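Heads up, the next two complexes both have subunit A, just with different partners, subunit B and then subunit C.
Presenting the complex of A and B:
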C-alpha cells in the first residue's frame, strides 16, 4: 500500500512538475497563432523528454553520478567547461523566466506591479532552497501544479468545435498569414519547452539527492512514462484553449493575463483563482529546480560538495552558486524586460543547448563499466539515435530560423 | 605533472615529424595498495592523428552501442595508436617527443571479464 502511494505520488508530481513558464507561454502563443497544427511537436517533445529523463535517471541511480560529473569525465575539462558555460547561461535565462512568471501570476492575483513581486518571489525561492527538505519541496509544488488541469476542464467548458480542432491537429502546415519559417521556429520553441535541459540536470541530481539505487529504476520509469505524457496532454490543452479563444479573432498572445483568459471565460472567478494557484506553483517549482540546477551543474563540474541532503554549511559553494544565480536572474528582471519575452527566448536557447547534455548521457547509458547490466537496450538505442538526429537538427536550425523570422515576429 | 599537461599536446617523432595529439592517457592499477585502490602507474599515451577531442570511451573494444556513435568515434579517430610510457622521450612546452624506436600499439583494449 505504501509502495502504491509512493508510485501515485511520483506520478502526480511528475504531471504537476512537467509544466513551467516555458510550456505555458509557448503553448499559448503557438495555440493563438497556429491553432493545434503544432500539437505533434508536443508529442515528439514528450517522448523525447521521457527517453532522456529515463536515461539520465537510470545512469544516476545505477552509477551514483549526476549529469555534469559525467560530462566532465567524458569530455575533459576544456570541452566540458565550454559545455558548462553554455548550459549554465541558458539555465540562468530559464530561472529568470520562472521568477518573472511567479511575479506575473502574483500580479494577476493582486494587481501589484510585478517588479515589486520579483524580489519577494526570489527571496521566497531562496528561503525554500535554504530550509525546506528536498522531498517536501518537490511534492508540494508538484501537487499544487496539478491544479493546471483546469486548462483541460476549461477546454471542455468552452465547448469547442472538436472537429475543427482535430482538423487543425492533422494539418501540419501554417495557417492564414503565417509562414513556414515561423512555423518551424515555433516548432523548435515548443520542442525546447518540452525538453528543457534543466529538467535533466534536476532529474539526475534529484536521483542522487533521494539516494536512488538500481532498485528504484522501475519506479522512476513509471513516474516518467506516465507523468510526463499527462503533462504533455495539459500542454496541448493550453494550446487548444488559446486556439479556441484567440485564433478566430486573430489575437496574438503576448501576456500571462491572455494565457489565463480562456480559463476565466470558461469557469469564471473560481477557475481563475485555481489557475493562478497552478501557475504560481508551476513557476515556483521550476524556479526551485532551475536554481538547484545552477548549483548542481557548477558544483558537479568543479568537484564541490553539493546537494540539499547536505546542510548549507557543508555545501557552501553549492548554496552560494544558487544565491548568485537568483540575484543575477533578479537583476535581469529589474531592467523591466518582459518575462514573457525572456521565456520565448529561453525555450529556443534550451533547444540549441540540448545536444551538449544529450550526447554524453547517451554514451554513458551504453557504458557497461558504469551501468553493468542496466545499459540501454536495442529499442532504447534505436529511439535514442532518432532523437539524436532530431535534437541536433533542431539545435542547428534554431539560430538561422531565429534570424530569418526575427525571433518569430 | 598533471593530466592537463599531457592532454591535447602535439606529438612529434624523434626527428620532429608531427604525428598527432595526445587524446588520452592510460593507467594500470598494479602498484602496492593505497587505501582501497592499487597505486596507478602510467602505461602509455593514446595519440590520434586528427583531433584533440576524446574517444568518449569507445576505445574499449567491447563498447559497441549505439552502433552509429561507436562507428563515428572510431572513424573520427582512425589511425590512433598507443605509445608506451617508456617510449616517450621528452615532454616540454612544445609538446611530446617520442623516442627514436617508439613502437605503435593498437589502441583498443579488452576489459577484463567481471569476476
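Presenting the complex of A and C:
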C-alpha cells in the first residue's frame, strides 16, 4: 500500500512538475498563431524528455554520479568548461523567466506591479531552498501544479468544434498568413520548452539527493513514463484553449493575462483563481529547480560538496552559487524586461544547448564501467539515436531560423 | 604507483613492463574525476596530476615516473587556458591518501584535514554559516 502511494505521489508530482513558464507561454503563443498544427512537436518533445530523464536518472541511481560530474569526466576540463558556461547562462535565463512568471501570476491575483512582487518571489524561493527538505519541496509544488488541469477542463467548457481542432492537429503546416520559417522556429521553441536541459540536471541530481539505488530505477521509470505524457496532454490543452479563443480573432498571445483568459471565459472567477494557484505553483517549482540546477552544475563541475540533503554550511559554495544566481536573475528582471519575452528566448536557447547534455549522458548510459548490467538496451539506443539526430538538427537550425524570422515576429 | 603516460609520440618511450594489479590510465581514470573523502563528502574534482621521475626529478622527460600528488585550485584555470602556475601555488593532495579508484576516487582521510579545502571552509565560516539557519538541517 505504501509503495502504491509512493508511485501515485511520484506520478502526480511528475505531472505537476512537467509544466513551467516555458511550456505555458510557448504553448499559448503557438496555439494563438498556429492552432494545433504544432501539437505533434509536444508529442515528440515528451517522448524525448521521457527517454532522456529516464536515462539520466538511471545513470545517477546506478553510478551515484550526477550529470555534470559525468560531463566533466568525459569531456575533460576545457570542453566541459565551455559546456558549463553555456548551460549555466541558459539556466540563469530560465530562472529569470520563472521568477518573472511567479511575479506576473501574483500580479494577476493582486494588481500589484510585478516589479514589487519579484524581490518577494526571489526571497521566497531562496527561503525554501535554504530551509525546506527536498522531498517536501518537490511534492508540494508538484501537487499544487496539478491544478493546471483546469486548462483541460476549460477546453471542454469552451465547447470547441472538435472536428476543427482535429483538422488543425493533422495539418502539419502553417495556417493563414504564417510562414514556414516561423512555423519551424516555433516548432524548435516548443521542443526546447518540453525538453529543457535543467530538467535533466535536476532529475539526475535529485536521484542522488533522494539516494536512489538501482532498485529505484523501476519506480522512477513509472513516474516519468506516466507523469510526463500527462504533462504533455496539459501542454496541448493550453495550446488548444488559445487556439479556440484567439486564433479565429487573429490575436497573438503576448502576456500572462491572455494565457489565462480562456480559463476565465470558460469557468469564471473560481477557475481563474485555480489557474493562478497552478501557475504560481508551476513557476515557483521551476524556479526552485532552476536555482538548484545552477548550484548542481557548477558544484559538480568543480567537485564541491552539494545537495539539499546536507546542511547549508556543509555545502557552502553550492548555496552561495544559488544565492548569486537568484540575485543575477532578479537584477535582470529589475531592468523592466518583459518576462514573457525572456521566456520565449530561453526556450529557444534551451533547444540550442540540448546536445551538450544529451550526448555525454547517452555515452555514459552505455558504459558498463559505470552502469554494470544496467546499460542501455537495444531499443533504448535505437530511439536515442533517432533523438540525437532530431536534437542536433533543432540545435543547428535554431539560430538561423531566429535570425530569418526576427525571433518569430 | 607507476603510471603509463600517454604522449603524442609514443615511440620515443619504451613500453612499461607488465605490472601486477590494476593498470590505471591517468587520463581516463584519474583526471577530472570526483574526489570523495572518507565519509563520501566531495572534496574537489581532480584538476591535474603531479608526477616526479622515480629518481626524484621534478620535471621528468621520458623514463619511469611516479604519481605523487593530485592537484586542484588555480591549476584548473591554466589547464583550460594554457600555461602552468608556479609550484608554490599548486594545491596538492598526496596520492598516498587515496584509498580506492572507482567511478569516483576515494580518500582515506577527512576532507577538512586538507589545505586544499580552504575555500569551502572560508565560505562556510564567513558567509553561509553566518546566515541564520545555515547550520541546521532542512525541515
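In the analysis below, the second predicted complex is superposed on the first by the 409 of 409 C-alpha atoms of A that agree within 3 Å, B and C clash if a C-alpha of one lies under 4 Å from a C-alpha of the other, contacts with A are read in each partner's own complex, and residues count from 1 in each chain.
Assume a residue touches a chain if its C-beta (ideal position, glycine included) is under 8 Å from a C-beta of that chain, and two chains touch if they have at least 3 such contacts.
Only a predicted model underlies this, so the values are computations on that prediction, with no experimental measurement involved.
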Check subunit A with both subunit B and subunit C modelled on it and let me know: fit or clash. clash
Partner chain(s) touched by A:381 [first = subunit B, second = subunit C, both, neither]: first
So in the superposed three-chain picture, is A:76 touching just subunit B, just subunit C, both, or none of them (first/second/both/neither)? both
More subunit A residues in contact - subunit B or subunit C: C
Subunit B versus subunit C as contact partner of A:20, first or second or both or neither: neither
Name the contact category of A:369: first (subunit B only), second (subunit C only), both, or neither. both
Quick one: classify A:289 as touching subunit B (first), subunit C (second), both or neither. neither
Based on the superposed arrangement, let me know which partner A:316 touches: subunit B (first), subunit C (second), both, or neither? second
Which listed stretch of subunit C (1-9, 37-45 or 109-117) steric-clashes with subunit B in the superposition? 1-9
Residues on subunit A touched by both subunit B and subunit C 76-78, 369
So in the complex, which bits of subunit C are touching subunit A? 31-35, 41-47, 72, 76, 79-80, 103-104, 111, 119-121, 123-124, 127-129, 131, 133-139
Please name which positions on subunit A make contact with subunit C in the complex. 63-65, 69, 72-73, 76-78, 80-81, 130-134, 299-306, 308-309, 311-314, 316-317, 319-320, 369-370
Sites on subunit A touched by subunit B in the complex: 74-79, 360, 362-364, 366-369, 375-376, 378, 381-382, 384-385, 388
In their shared complex, subunit A is touched by residues of subunit B numbered 4, 7-8, 53-54, 56-58, 60, 62-63, 65-69, 111
